[in-house]
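Have a look at these structures, which come just after this line.
Same chain, two partners: subunit A is paired with subunit B first, then with subunit C.
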Partner chain A sequence: MEQKEQTKTTAVKGTDMARKVRGLVKNIYRSAHEAKAQGKKVAYMMVSSQYDEIIRAMDVVPIPTENYAGLCAAKREMDRFLLKAEADGYSQVLCSYARIGLGFDSLRKELGGIPEGAPDGGMPTPDMMLGSSAVCDPRYKWFQAAGRYLDVPTYSIDVVWPPVDADLKAVRDHYIQYQKEQFQGLISFMEQQTGKKLNKERLWETIRLSDEAWRLWYEIDRMRVAIPSPMPAQDHFSVMVAGYYYPGMQEAVDFYQSLYDEVKYKVENKIGVIPDEKYRILYGGGLPPWHTLWIFNYFESFGAVFAIERQYRAYDPVEVPSSVKDPVEFLAWRSFLRATQFYEKARANSGNPTVERLLGMIDRYAIDGVVFHACRSCRATTIGQVHYKNILGRYTDIPMMQLVSDMVDLRDYSEAQWKAQIGAFIETLAGRSAR
Partner chain B sequence: MKPASIQLDELYVQRDKHAKELRDSGKKVIGYFCCFVPDEIITAFDMVPYRIQGSQNKAIDQADAYIEPMACPFVRSCFNKALKGEYDFLDGFVAPHSCDTVERMYNIWCQNKPAPFNHLINVPHMMGPSSEKFYRQELDYFVKSLENWTGHNLDTGKLRDAVRLYNERRAVLRALYDLRKSDPPLVLGTEITTVLVAGMGIPAAKHIELVKQFIDEVKGRPLPQTQKLPRIFIWGNELDDIAFIKLVEECGAWVVMDDLCTGTRFFWEDVPETADPLDGIATRYLYTHCPRSNVPQTKTRAGDLENRYSYINDFIKEWVVNGAIFYIVRYCDTCELEGPDLREYLNGMGLPVLMIEDDYSTSTIGQLRTRVQAFLEMIG
Partner chain C sequence: MPFAGIDIGSTMTKAIIVDHEERILASVIGPTGAEHRHLALKVIDEALQKASLAMEGLDFIVATGYGRISVPFADKQITEITCHARGIRALLPTVRIIIDIGGQDSKGIKLDNEGKVANFVMNDKCAAGTGRFLEVIAETLGLKLDRLGKISLTAEAYVQISNTCTVFAEHEVTSRLAEGASIPEIVAGLHEAIAGRVINMVRHLGMEKDVVVTGGGAMNIGLVRAIENKVGFPVLIPPEPLLTGALGAALAGHDFVRRGVTPDHGRRRERVTFFQ
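Showing the complex of A and B:
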């Protein structure tokens, strides 16, 4: 039978606020273009590098290159960038975010300007590139490689996390000290590039705004234990834009305050994402399939709602000791505490902090099944999923499934295969609920 | 006594044989990944460092139940061997945070096939004074963990001796590489890989002895035919099997130099002898030339490439290289990103490059023959 290509990419959202995120995304690139026109400094950067507040405090406008790759996929505008990077010698198994970014930069250089029709006006040429080793290796290697197309100053930092079996008392000081020194190196570099000194009061302010936004976001997620689910995972993958791309900005605080009010209203009035919620699903990890987010609605058509998710929800709020009086040291402490917050629990139980986190979610959110998304080109968020499933299986008998594609490269996705897998998964859920 | 070449061949084939014998005699054997775990420290504790290797000619038939198939096949192959009990002789398992896959493998390995001693050394990706200090502190923590486990304090004198011992091994291996400078080279690329891999599971002193004997053997054998063939430099990651290099040489080339995890990358530079030997060790290992480490950018693109690859330039000139072949084990993100930059640099020197991505499997290597032949014909 001839298969009709599915062209719909985005998901129908559950909340009004999630529908407003598109404006925030557009603003990221619009602001960067405006800043560039006004002579302000703009920087390619990697989100969740623990340095976001420093960038904002230095009044440098960030361009999150990974987000741009996700945006291209959601708009189904990724192929020409992927193919360009591959033509330039980058492997088809290399991080597809990096391939889109490199392909975009390559095309821009070749054409002498932003490729026509690039989503949201494209990314302006940065004044600097700020990489990091947080999360994965390509996040510093990518910008080094981008030097082929952009002869601009580039600086990367380490973001270090100890292994779960480390004696935290023995390693804490040198981890925090190193992290602090890495931030200081970044600050010196940015001061050199911008010609101005970091204002520490301003940095405290961006930290305060950032922490407040994340606190509100955390409270929103706590309300999502409600049945029926007031906000699904596909909304999370939209509303994360405020937390990850606007940290240190009042916009993020305002956004989450409004979302908090909306979710609270839905909980109090028992307004669910779908009218007849049968199954509550945990999105166990892996970057979302940005090319096919409607798949969440496909689950909903069977009464299955993604009640909570682990991806892009890296840490809960942490308490930095009040004795820390320097904002850079505060960031180093916060990074360490965020990274290690589930270690003690893991050592006492499953031995794995991610599994602890998932077990906590399965329990609190009354989860009926877990879905992982393995991305062929993302080792950082994919390796370990099978392992988590194996360990989770020792503690729970709920069904678990791993879907395989890629975060942005559609060539790794098969709609027919996914639908068959999802059908079998739903049947398993139904069989269990009938028991 | 068998000739060194035969002994090295046997050790290459039965890589764990000698380590198991040593273990049976009461020695502890510590397995480790990659080029960032200092052999010197393990040796100073009177234990045997054993570089964990995979198997390019055996299928990965068990590991997929524990780790995704889009992870580095070398690491998966190593773990596959562990699952089959082939690494049960290890008393310790040490992983450096060399890359995403190895770092994640550490937890999976420890939770499914834990050794009596398990440790991860966090290796900075950045290079500079603060990274050096941090890595040194990580080594201190590694030493402390070994002290707790063995019940013995590190003897600084023994560590100093180990530094000298491994520097001697480095010197002997460099002397072996010198035999590749002539045209034709006195020693084949396949022989070099055999010698290096054979040495990864035996004490350095024994390896030094064997390599010295092997060098004498090479010098004593008739000179190879003076056939003019392209001289090839191999760049990439883990090549712990001779199959690919053999293929290149069978296609009509001399493999004369390399920059591989299983080649110069692990032994080329000496450890400086410092008052506190751990300082010299930290400096030497942190600045290992590996795509996973980020060389700080210099001002211009051209200057940046020169800064990153001038050591390769030296290799190319000294070993009179005519072409470069990149052998990248698939899913190695850092190599996949580094390859095009290095190709640009080498092409800029007028050196042709063949970039190959493969699956760390001898079963797929045959398919590469046509590409290698075409490349060699091109460079004549």
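Showing the complex of A and C:
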């Protein structure tokens, strides 16, 4: 019997720039292969680890292994990697990004080369692996586990932030000092691996480029308060590629400048994502369902557009004191300020920084309902969702819904269940607006 | 002015016809089992016959339940969440939380002061916490499904069934039997397990009085007691727990007519094909 092909997994985008992201994604893996061919160093890495600018300044080409897992899912090409990792003994409850990455490495080793048909030419063998403790434990342990298949050195850094009730003034210097030491350790390791010294001027340059890209991106999102919505969440999950995978590069700045112009034009001319916008939804959290992104269009078919999202929106721009003259220290400061930027607000209100951000979005973006995506194998972005929902319920009575699947593992997804839930959610929104 | 509601669930098809004063003219609970689900047309015909009406005489037909999309003779489709809420609002207006335990899924619905849906939760695609779970285990124990409730009430204690996965629970039940546990104790344990799973889910909405239990689960007295133990107060049971969705659908049809809403498309007197 022939397998029936699933024809459509991706979402129809709202902006032209989001449609151009595919090229940026392809280029991540293409440049890694090219760098390899030219004898340059390439490194497995984890996004949002606060060390991106260092990697770029060291002229090491990054391979974001998590993104590769998402890419495989969007292409529905993940099963053989998941199954391979599971056959090697990794549990089905382990992060599915990690399972895809490990399964890929395992297959590449077994086959003696990149598995045929791997999306975007696959990931080349790295020269080093750079893990981090930012966000979750798999991002620290994954590359250590990958040592089973790859005989390359691994270096993982700690990325720390204080608890929300800490006395920030009292702990700040300690946190910044510790973070700086972590970065310095990474730099020494990379200098050893590349045989080159870090050029601090070059590091300042990558920081400047990266901050400029994030500033533009922030301005774009501020324009998205407009009604009708000029850019939906599914576009955000594409355009974030520039901010997360190209920080420190001119490409990211250019990309967001063009997107800024496009969104501004749409706002000024009242061009919405859908012609008849009835409900504005907040994507409250959880990694996107990469396997089924068209679900955003399914909401749109009922007049519901995802006006804004919390996922892949780690921080707003922060101001590092101008007295900081060393770029590594700047990174440590920035990391601390980013992590704690909503603490004060949280302490004054709900006590929870994530809830504060969500409440702020509900208010500014005129949100009618919140949808969370619980990903079974990503504890980092799933734990807390029910808690956030409960606290939010004290401040707002808008409907909230949690859809359950996984970010990439299709075995955890049920289309019938989702459609039933979405139908009921839309009816609930309609019932409220009919009042 | 008569209105009909048809609720095609995973195991049963239910139909109700009401008049413009929302009095029930006829109700039919259709045959059980997947192989009968396409007989929805027969179920509505039977209800029409009971009410001495023809399909053309109905002012509005609303379909609900998992099979609602594929009802060719319905004027509109509405999800069972909204329909359950509408049905309960008419039957038991003080209710704030609905716990519906159906054949293949369970859900919790929170109603606001006007009886409209404020929020809801549905179980995931797992069979545990649903009627299907009990059905499978009843078979393992060689018992009839409708006897489980009474049997469990004769138990003085329950044995813990820790596996909420239907497949594993079946093994667990077999080994508990081998260890010497009595059947009533095991059945009581199963009710505990389901009630625990369902209540944990519904707690996300915030428990609030009154609570009603609907669906097939409401007809199992042992399960209802286990739920009451968990919520800490007595729950309400509607007179016909299987029919609240269909009733809500019929009433929603009346609401549509009152608001001047017209049907989505023409009615076709055809079989329901969705499940075949």
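Definition applied: the second predicted complex is superposed on the first by the 428 of 435 C-alpha atoms of A that agree within 3 Å, B and C clash if a C-alpha of one lies under 4 Å from a C-alpha of the other, contacts with A are read in each partner's own complex, and residues count from 1 in each chain.
Assume a contact is a pair of C-beta atoms (placed from the backbone, for glycine too) under 8 Å apart; a residue touches a chain by one contact, two chains touch by 3 or more.
Nothing here was measured: the structure is a model prediction, and the numbers come from that model.
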Quiz item: Touching A:N390, do we find subunit B (first), subunit C (second), both, or neither?
Solution: both
Quiz item: Where does A:M400 make contact in the superposed view: on subunit B (first), on subunit C (second), on both, or on neither?
Solution: second
Practice problem: Pick one for A:G360: touches subunit B only (first), subunit C only (second), both, or neither. | Solution: neither
Quiz item: Regarding the shared-chain residue A:T154, is it in contact with subunit B (first), subunit C (second), both, or neither?
Solution: first
Exercise. Could you tell me if A:Q417 is touching subunit B, subunit C, both of them or neither one (first, second, both, neither)?
Key: second
Quiz item: Where does A:G113 make contact in the superposed view: on subunit B (first), on subunit C (second), on both, or on neither?
Solution: neither
Quiz item: In this superposed model, does subunit C or subunit B come into contact with more residues of subunit A?
Solution: B
Exercise. Jot down the residues of subunit A that show up as touching in both complexes, subunit B in one and subunit C in the other.
Key: 386, 390
Self-check item: subunit A to subunit C touching residues, read off their complex
Solution: 386, 389-390, 393, 397, 399-402, 404, 414, 416-417, 420-421, 423-425, 427-428, 431-432, 435
Quiz item: In the complex of these two chains, what residues of subunit A are touching subunit B?
Solution: 88-91, 93-95, 98, 131, 133, 136-138, 140-142, 144-145, 147-148, 151, 153-158, 160, 162-166, 170-171, 174-175, 177-178, 181-182, 185, 351-352, 374, 376-377, 379-380, 382-387, 390-391
Self-check item: Residue ranges of subunit B in contact with subunit A within the complex
Solution: 64-68, 70-72, 99-101, 104-108, 110-111, 118, 120, 122, 124-126, 128, 130-131, 133-134, 137-138, 141, 144, 291-292, 294, 296-297, 299-301, 304, 328, 330-331, 333-334, 336-341, 343-344, 355, 357
Practice problem: Report the residues of subunit C in contact with subunit A in the complex, numbered from low to high. | Solution: 66, 78-82, 105, 112, 114, 116-122, 124-125, 204, 206
